[in-house]
Every structure is written in C-alpha cells, then in structure tokens.
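Each of the next two complexes has chain A plus one more chain, namely chain B in the first and chain C in the second.
So, the complex of A and B:
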C-alpha cells in the first residue's frame, strides 16, 4: 500500500527528473531552483505566526563549475530516495551518507565526503521540491515517547499508546505513515523532561486530565515535532507546553510554536502556531511557594534571555517580556521537577489541573 | 501487590533504621558501615569476571563533625525511599533532590544543596544496604527501547514488545517490577545506535534472526543495562553486542560485560560477564570491503585506545589486543551504519546472519 505522503513525494521527484531531462533534450545546461535559506530570507509572518522563507530564490546549474558537485549530489539523493520510498525503507542521515558514498569512476573524487555534505544537499532538495525530509524517507532521530489513550496503525501493526506499563511508545523518526484510529483526549501535553514524563505516567495524569503525554527528552527532535503537528491537525487537539521556567524551556516552546530559523522553509509542517504555554512561569515561584527550590541563573542563561527579548514573538508580547524581565531581575530559574518539593503527587493533583481548568496559559 | 524487590528493599531499610535505633538506646553515637568506593578498592575478579569492590569498609558516625551532615542525609533518603516504595512511586535523581530539599528549623542550613549531594549519599546507601538504586524506587534515565517477541506485565498492564509499528517500547528507568510472560527469541542483540535499531526493526531482523533488539542510544544507561541483565538471567538469553568499531563501541561493550568503576559495587546486578561481541571489528573492513567508508581516528580516539589497552580484560585477551593494535595501525574506525554502503538490507540479510550462524564473536 502506498501512502498519500509517498505518492506525493514520488510524483515530485519524478517531476524533478523530468524537468532536468527536458532541459538536456533542449540542449540546455540542466538547472533547478530553490528558495534561498540564508537568515536574510527568513521572515516572521505576522499572519500565520510562523517563521517562513521570503521570495528570494537561487538557481543550481550543472554547467556552473561551482555548482556541479552539488548538482550531481542532488540528483543522486533524489534517485536514492525514490528507491527508499518504493521499497518502504527509511534511512537515517548518516546511513544515507554511507549508502551513497563511493568514488567516481576514473577519479579519486568521492560522491560525498561527510554527512554534513549530504545533509545540506538534502535540505536544498527539501526546499526545492517542497517536500519534507521524512517524506523522502530520510528520518530524524528516534527519541521521545508518547503515552495516552490513542490507537495507531503503522507498518501493518495496530497498537495502543496506553497500557504500556511505566514506559510508552517510542516515537520513531518516521511517522508520516501513522494512521490515527481511535483516541480519547482533550489536548496534548508536550513535556520537556523525561523524568517528568515518568512522573505523569505513574500518577495517571493522562487519565485524570484526559490528555496525551508527549516528551522529546529536552529539545524536541524533528520527529516528535512532526508527530505532534500531525496529531494537532488531524485530531484537532490543542497543544499545551509544560517545560522548565528558564530560557531553554522558553526556547523549546518557541520552536514548537513558531518553528526554527534552520527549518524556516518547513514551519508550516512542524510549527503549531496556536500552542499555549502552561508553565513553569516566574509567577509559579511565588504562587506555589517554590522560592527555596529555584536555581541561580548562569551567564549563559542571561545571554539567552537577552537574545530571546529580541525574538519578534516575545518582543511584541507584554506577557512574555514580563516573564523574561522577571527572570533577569530575580536572577533565578525554576525547573519542572521543583514541584516535587510540595509532594510527588502535587504536579498531577493540583498544579496541572488548576492551570488547565482556569486556562492559565501564556500565549 | 508488593513485588519481591520491594519486600526485600523494605526489609533492609527497616533493618537499617532498627540498628540505628538500638545504638541510640544503648547510648552510643549511631553509625553505619559501607564498602569503600574509591578506585583503590575496585578490583577485577578473574573468577566471575566483573569489576567489584574489595573488602575495605568505611564507617559513617553521627557524632563525628565531618560525618553529621551526610549521616542526616542518609537517614532522610532512607525514610523517603520507604515512602516511595510503599506508595509504588518512583522518582528521578533530580526529583529526589527537590522532594527532600528544605531548610533545617532554626537555621539557614538546607538539607541538600544540589543533586550531586543527594546522589552521592544515595550511592553510599546502595553500597551499605546492598540494594540497587532502582530497588529504592530511584530511577535512572528512561532512554533506549526494545523490539521483539516478548510479552511483559508491568504496573497492571500486559503488553507486547512487537507489533509496535516502526517504534518500540521505551524502556523506563524502573523495570524491577517487570514480569516476563512469554517470549520467543534465541538471544538479545544489544545495539549501539538508534538509527541501526530502526533499520533492524524495518528489516524485521528480530524475526529473521529470532532475537530481541535492544538499544541504549549510545552509551547504555543503567536502566537499559539492568533490564538486559534481568532478561539474560531470567530468560537465559545470551547477550550479543553490535556496536561501532571504535574505542567508544568497545567501551560500551566493556561496561555491558564487566561493569563500570563507578558502579563496581553493583556489577553483579548490571554486568553480563558472558556477553559476546559480534561487531564491528577491524577485520570487517577487509572482509566486507568497507575500506572507503572508514573514518580517520582523532587524537581523542587514539588516547582512548591506549587507555583500553590497559584494561585487564583487554590486556590479557590476544583477540582484543589485536583489534586495538589494528585500529591504531590502520588509523581508522568503522561505524555500524557504514554497512549501508553495501545496501540497506545488507546488515540484516548477510552481515548479522553470517556472524551469528558461524558464531564469529570476540570474547
């Protein structure tokens, strides 16, 4: 069975090949175009509230000495991914590199010298053909997990994301082919820390709050963000972030909501612009009496705060500027797990239910 | 239901408290003993082939000014873990710290200043009471996953580690209470890299080779090693390591097989002394024609090779000394994923089956 994602990807890769072929037949130097991905062409769209690319395009030409190598690599990767899709195989970034590395006939030149070379060409192809790396069957790191009342189908298997003891389902790097069968949940809780995930599984928070628990174990990897995005869109579930009250937690939220500069060309398929922020906030420290379990800011934290004050979405938000200023003034950060100072059950029995019921979120 | 592990832990903690109480009743300064965990007391046992502690003991006394703080902390942690066990809750290392941090009455002293303080006291208690951190319900990082024909029961749930699409079961930090229900496998394949894990799930290698696939995503965390050890002992399954052909892969294998210096007091509950090493080996490079997909050694790799040549288990093994010398001579390392250079299916259809069938392992 070919999935919708596979069908679309195959069509676009074929189209890409056809264009090159026609250029050759017409006696032209083959070329293709892609949006420029430099910082200067990255914009914050006030309308759909995500980072995206502006209109600048660049052209890659086979008969341009500076482009030839990259051109050859692009065609190689496009051809290989076609095979991956057809055989229903997915490859990691490093596997792709090894799979395609060989010396060119009658030369000492290698097709690729390292996986940053193949990775960057892949990024170009993504932008040029406007399809995701995952849709090429090149996968992100498999990290992070989900727990809750959700039944899935993938690769011929049907399974549930609950009833898995103290563990959960490891979210694989490739989830384009996941079908959502049944679910019972009001929202998705996106959790920074894997120990907090364990706590919430144990406290049966997914049942009490009627939500799906997802963690990316720190910064959410692409695979997890893409899976969250798909659940958000297809199951119409709001996404609520629960991260550390520090510039790094704020950053995780920021990437989840608006996308990242590196992947600006893909924000529409990763970012969840209407995600909300539950905590930890600087106000939580006083509200819940956590003054003695804060951590002092380090220089690197202060630097990141200053940087975040320049992000357009924080800069124009009074609520967020207040948080960032409060943090700098108090000189402290507060971790999710500091809530354990009240009691282990506190987070699931009081903190989360109160915030969710009263809708106490930051934008 | 109280598990065997919980019962034992509760008994030992009670016994610990009783002893202190009796000392107080007798008018003595309360004290307890524990094996010394400094490097000088760590030995490699030729008999059972693991790292373990020698006979040196140290004593912690309440009325010794230098010990009082740690003594108080030990008793606090022992009391708290008793509650965790009774309420069937597990806590992360950082959660434990936050849960127990408070100021002492009539003073500005905190019970704990950071989680290295609580962590080191926990290590002492582990050694003193001879029970695992996990049996105290203090858990390791939840990372790594398993895939294969194995049915488990945990926390009232029954579930299978196969039929999970392209993902797997996330091995939680606490697996002491896992019951093994049914399984169909001849061995456990312990895989370094999570992208290789994905490859082998996709190629249905667990079915073809009749094995359980386990990954720790790099260095195997405690939780994964403990789970592998339990499967090895209770299901009588051999453990075969499949890691990168470099000093770091060798090190992962070394810790899996012999234990680590930091956890020498627990080797009998983590280490798998009869584990075998499948690959990658230095010989694989020639055997499988992988010369052009090796990576050059860096200074840090060469330093690690020299260090490993001094490990007693490598030093006295001609096979391992040969590997280490070959690596230094060739000046290259070889990653698991380099096998993708042959074809994506190569690892599952040729490399692994050949090695397993012919029993081509390093000791």
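So, the complex of A and C:
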C-alpha cells in the first residue's frame, strides 16, 4: 500500500527528473535549485521563534566543475530513494552510502567516498524537493530513548514506555508512523546525558515529577527531536531541558528550541520554540554549593561562549547573556552529574522537584 | 717571487720537479677530491677532442668509456675521429706540461693552458705508476701506438712500446689508468659533464659507457661545425698582471712600447703615450726586464684609460638554432626558449656574449632526492665557452644571476621541471680561481645574464601558464565525461527515458557548451535571489 506521504515524495522526485530531462533535451546544462543552506542565509524569525532559511537559492549545475560531482550524486540518490519508496523499504544513512558506492570509470574515484558525502547531498535534496529524509525512506540511526507513562503503537506493535527495567524505549530514526495511545504526564524532561537518564529512571523521577524522560545521549538526533516535537504538538506537553551548564549544553538546548543551521529548512518540523531551560545554570553553583565540583573552561569552551553571545536569541535575552557572561567571568562550567556530589538521590529528591515547583526556568 | 720574470718562473719549475709543481697545484688544475678528479680527466680529453676536430673541420664523433677496475680504480678511454697526431708530436703533446698548442694564443677556446692532456698523464702516473696508452692515426693507413709517461725531472716525454702498423683509422684513442678517483652519480659526475657537453655541442656525436656498462648516445643534431673563432690579440682591458708578465716573456718586441702596440689590440702609439704619462718608469726598456711591480702599475693605469672596444666577431656563441636543437634532442622539453644576446662588454673593454635557454617539461629539471615524492627542482646548467661548469656553483655570476630572478613573477615555479642553461662566451672568461669552475660576478656580467634570463622567462612563462590552462581544461572535460554515465543512468531511472539518449545528449552538451558555461564562474555555488 502506498501511503499519502510516499505518493507525494514519488511525485516530487518524478517532477525533479522531468525538469532535468527537459533541460537536457533542450541542449542546456541541467540544473536544479535549492535554498542556500549557509549561515548567511539562515535567519532567526522572531515571529515563530525558530531558525529558517532566507530567500536565497543556490543553483546546482551539471556543467559547473565545482558542482558536477554533487549533481551526479544528487540524481543518484533521487533515483535510489525512488526505488526504496516503491519497494517500501527503508534504509539507514550508511546503507544508502554502501548501496550507491562504486568506482567511476577510468579513475580512482568512487561515486561516494564516505557517508558524510551522501548525507550532505541528501540534505540538499530534502531542501530542494521539500521532502523529509524520512519520506525518502532514509532514516537516521536510532539514538536516544524515552521512559515514562506513555503507550505507543508502531509497525503493528503496542507497547508502554514504562516498566522496561533500567532502560527505556529506544527512539528509532523514523517515528512518523508512531501512534500515541495513552499517556500520563505533565511535561517532557529532555536530558542531555544518558547516565543522568539512568539515574532518574532508577530514582523513579518520572513518577515523582509526573513527566516523560527523554535523552538524546548528547546532541539530540533528528529522530528524538522529531519525536519530542510530535509529543509537544500532539499531546500538548511542555518541554523542559535539563543539560550541562556549559556552552555545549546551551547549544543542545538552542537546537532543541530554535533548530539548527544545517536543518534550518526543516525547523518547523523539529524545533520546539516553547521549550524552557531548567538547568544547569551558573546560579546553581552557588545555590546548591557546587563550587568545588566545577570544571575549568578550556579555550574551545570560551570560543563557543563568544560565538553563542552572537546568536540573536541569546543576544537579545538579558537572562541568557547574564548566564554566558557569568560563565566567562567565573571561568568554570558545571555538569549535570556534579549534583551526585551531594548524594545520588539529590537530583531526583531535591534539585528537580524544587526547580519544577518554583517554575524558575530560563526562556 | 713577484720580482722575477715569467720566463724565470717557468724555467724554475722546469728545473725543479714538475711532479712537485703538479702536486702543489693539483687542486688548481682540477684534481681535488676523487669525484672531481675523474670529471676533470673526462673534461680534459673531451675538450681536446672537440677542439682538435673543430680545428681540422671534422664533425666530432667521440667515444668515452669509464671502466671500473677496483675500488677507486678506473680506466678512462677517450677516442675521437679527429685529425690524429703526427707520430713525432705524440710525446710532446701528452708528455710535456705547458706544451700544448693553445698556450700564448688569444682565441676563444675551451681550454686555455695547454696543460690538460699532459696533466691527465701526470695524474695517472702519480696515482697508478702506469703510462698512458695513445693510439693515433692521421688517416693515411698507418696507426701509431705508444705508452707515454712524463720524465718529471726534465718535463720531457718518455715513450715506450712504440709501434706502427697498417690500419684504417683516423683520430686518437687514449687509455688512462686512474686511482684516487671515484665514480659517483649526480650533478658533478662525468655522466652529467658529458650530457651537458653534448647540449652545448650539438654538432658532436658522443657515445658514453659508464662504469656499470650502460651506454648513452648523444646524437649529432647539427651538421655544421662551429666557426673557428678568429685569432685575436688580447684587449688591454682584459689583461691581468700575471697575463702581462707571461706575454712579455714571450714577445718578439724589443721594447715594452712595441710589445704593447704589437701584441695587443686597440693599443695605438697615442695610447702608449697616454700610458707613459701615468707611469714612473720608461716603456722603452725591454719587455723581458718588466718586473711584477711595473706590470701591476701598467694594469692599474689601463683601468683608468679608455680604449675602443675589441672586435666582437671573434666571439662564436652556440647560436639559438643550434642550442634549440640540442635541447630538443637531449631534454625533449614540452617547450623551450633560447636567446642569444648581442655582445656586451665588461671591465670597460672585454666583450662577451650571453646565451640563455629555458626548457620546460620532458626531461628538464632536476629530480629532487626526496624519496617520498618525485618532485622537480630547477636545474641550472652553467657553461663558459661551451664547457660545462659543474663545481663552485655558489661563487659563480651565473648562479647569482639565476637566483636574482623572481621566477614566480613569470608563472614559473622553481619547483617545476625546468632547466635553465647559461653559456658565457668570451675570449677572456674571468674565472674566480684557477680551478676555472665559476665566472666572477662582475657587475656587467651578472646584469646582462639577469636581463637575458628575464626576457626568456617572460616568453616561456606565457607557454607555461597557457599549458596549465589547457591542462586544467582537459582535466575538467574528462571529469565531466566521467560523471555522465551515472548521471544519465539515474535520470533515466527516474524519468523512464532511454539512458543511451540522455548520455549522448549530455556528452554533446559538455563538448559544445563547456567553454561558454565555464567562463569565470567556476568556483563555489552561484547564488541568486529567489524569483530573479
């Protein structure tokens, strides 16, 4: 059975091919356009508070020496994904790469040299045809998990995200077909560190705080961000971030809330503009007496702080500028797990409940 | 010593041991170090052969072989098709120092001292105790063969095993045993010396077999013997004190006045008068009584005087056409630029001609020794009167001039496959030392070489950048072609159109539109405002 999404994707790929063919028949160098995905063309839209692409378009031409290789790769991927959709198969990013990699005639070159090459061309196609990677039947590797009182159905299976021992449900790369059956939670707690996730599962924090625990194990992957976005929109659950008090934690939050430069064209499908920031904050260090478990900033940390001070959403937020300045002044950062210094249960028994109770979040 | 006459000096070392003289002055004659000594022997014989052939109007055909007989022990064979040496002169030619036909003669020539051939015999004798075998014939059906060594006490030849026999041969074959020499490949090797000699002498055919038995033949590419440079008297401006002493000792003139007027060019009686006014001794005395001090005063005074420039028809360069042919034959470059400049003058009176050749691609350039990558470096070939200069590069005017050029300005990467050849032609080459391996960096010489190099560089730079563009273009065309099959197959898959049709059409588009589409917008993605 061909779904509506598949139909649309096939339609767009065919249209894409038709255009190129017409150009070739007219004797022109074939080309296609796509939104420019460079920093210069990424804008922060105050209205819906996410990153989005500006109006600038790039043209990819077969007969431009700098584009030729990518042009070939683009049509190769388009042709391949068409096959995947037709045969109702989904492939991983790396599978796609291996599927299409072979040597070119009379050269040592391959069609693709690594999966970042195929990945970046896939991003281009997504932007050019305005279809999601998932709709191309190419899915990101699952990473990250969810735990809490939530019942789901996917691929014919029904299951609950609680009562799964020490772990949670591994969020797959493709979650468009997940159906929400039942849930009992007041908010979603998005956690940076998977060890912190385990701690909170063990302490039954989800029960005490009545929330869903989600982790991306570091930077939140697309699958997790899309799933969080869907829960936020469809279940109307607020999203609260709990990450390290350092520029990298801030960045994870920033991507969760506003979107990323790389995927600016997809922000409306991934970003959660209403997300709030719980911690760690620079103030936590004093409030909870964590001075002796801070880490010194490295050069690369300071560089990132400077960079973030230029992000429009931080720049125009006095609270965030205060955090960044404080961090730079103190020269330290504070990890989520530093809370274990008080006691293992401290984070679940005192830190999180107090913060949630007071409702003191950063915007 | 400076007080003594040149004649006495010569007499002295004739009376003393010639071997001692030789040992003392070995390095001056080119016999310093085992590598250089071997190259010097090759140089002396090869030069003699070329000179002999040219003087006799014969196109040279020369065979050189180096045989390894043991560690640091070699046999050098040099055979030419020259006029041969009359039996009675063989001993004198090879067994007497300073007996060559070139001494006391003022002519643009390869060798200048008449010490070469005998020097080799001497070096062989000192290092191995063996005589040198000479086989020669003037081409009249009789071959003369003898072993020559030098009686060091009398500076006279010792001829042994002399025999005559009938045979068809013309030319001279020399076999010399050498110890304390070392064959070593590289920029100062006999191999390189011979290769460069072949470059500067396109009228010669040189066959060379190295100690490993590998034979290289440098074929003749020009069937014209270079003009024999006119014999000329020395020009006052080129004269140094020791030259003056030497000339004075052999002149037939009775007074210094007469000596100057008769034995020099451009020295009129009026000029002698002018000179006399600047000196505190009488120029009417005999030339033989000239002292070193007085000679110094004359040379110093001459520097302040003006003379008409010497005639320039006495200089015979290789010539653009001949040099180009030689380059094409030996370096097989992708392109080359050869320039022969009109005569210029240094030290206010000595004429010289600069020739420059720049060759790019092919066998040009020096492969660097870096084992990780085969990369090229600019190769500098220096010549004086067609003789390759392999040593003392650092102190040479040619090196200085080459280094003073900003090659990159002309689109020439010094790391490229480039050979720069400079031939300095003059009756009087101002060598930095008796080793005769470097041209003194007289300001006029460096400037003239530099300007000629820049001129040649400008012209060849156009080729190189044009070549680079063409190469880039071809590379790109290939690249486009390479990406066509996959592109066509994919578009065919999407659209259902025939792959063959798409591929052919794309190939056509690339061939037709390549130039148009490429112009000026090849870098980066082109951006345009949406809707425009």
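Details
Just so it is clear, the second predicted complex is superposed on the first by the 288 of 363 C-alpha atoms of A that agree within 3 Å, B and C clash if a C-alpha of one lies under 4 Å from a C-alpha of the other, contacts with A are read in each partner's own complex, and residues count from 1 in each chain.
As a convention for this text, a residue touches a chain if its C-beta (ideal position, glycine included) is under 8 Å from a C-beta of that chain, and two chains touch if they have at least 3 such contacts.
Because the structure is predicted, anything quoted here is derived from the model rather than measured.
In the superposition on chain A, contact is made by A:82 with chain C only, not with chain B. By the touch criterion defined above, A:317 lies against neither chain B nor chain C after alignment on the C-alpha atoms of chain A.
In the overlay built on the shared chain, the residue A:157 is in contact with chain B alone; chain C does not reach it. By the document's definition of touching, of the two partners only chain B reaches A:344; chain C does not.
By the document's definition of touching, neither partner reaches A:210: not chain B, not chain C. In the superposed pair of complexes, A:184 makes contact with neither chain B nor chain C. Between chain B and chain C, B contacts the larger number of chain A residues.
Shared contact residues on chain A (touching chain B in one structure, chain C in the other): none found. If you check the complex, the residues on chain C that touch chain A are 476, 478-480, 482-483, 485-487, 489-491, 493-495, 497, 502, 505-506, 508-510, 512-514, 517-518, 521-531. Remark: chain B residues 84, 87-96, 98-99, 101-103, 110, 139, 141-143, 145, 152-155, 157-159, 163-175, 178, 194-195, 197-199, 201-202, 217, 292-293, 335, 337-341, 343-345 touch chain A in the complex. Chain contact summary for the complex, chain A toward chain C: residues 13-14, 16-18, 20-21, 24-25, 27-30, 36, 41, 55-69, 71-72, 75-76, 78-79, 82-83, 104-107, 109, 111.
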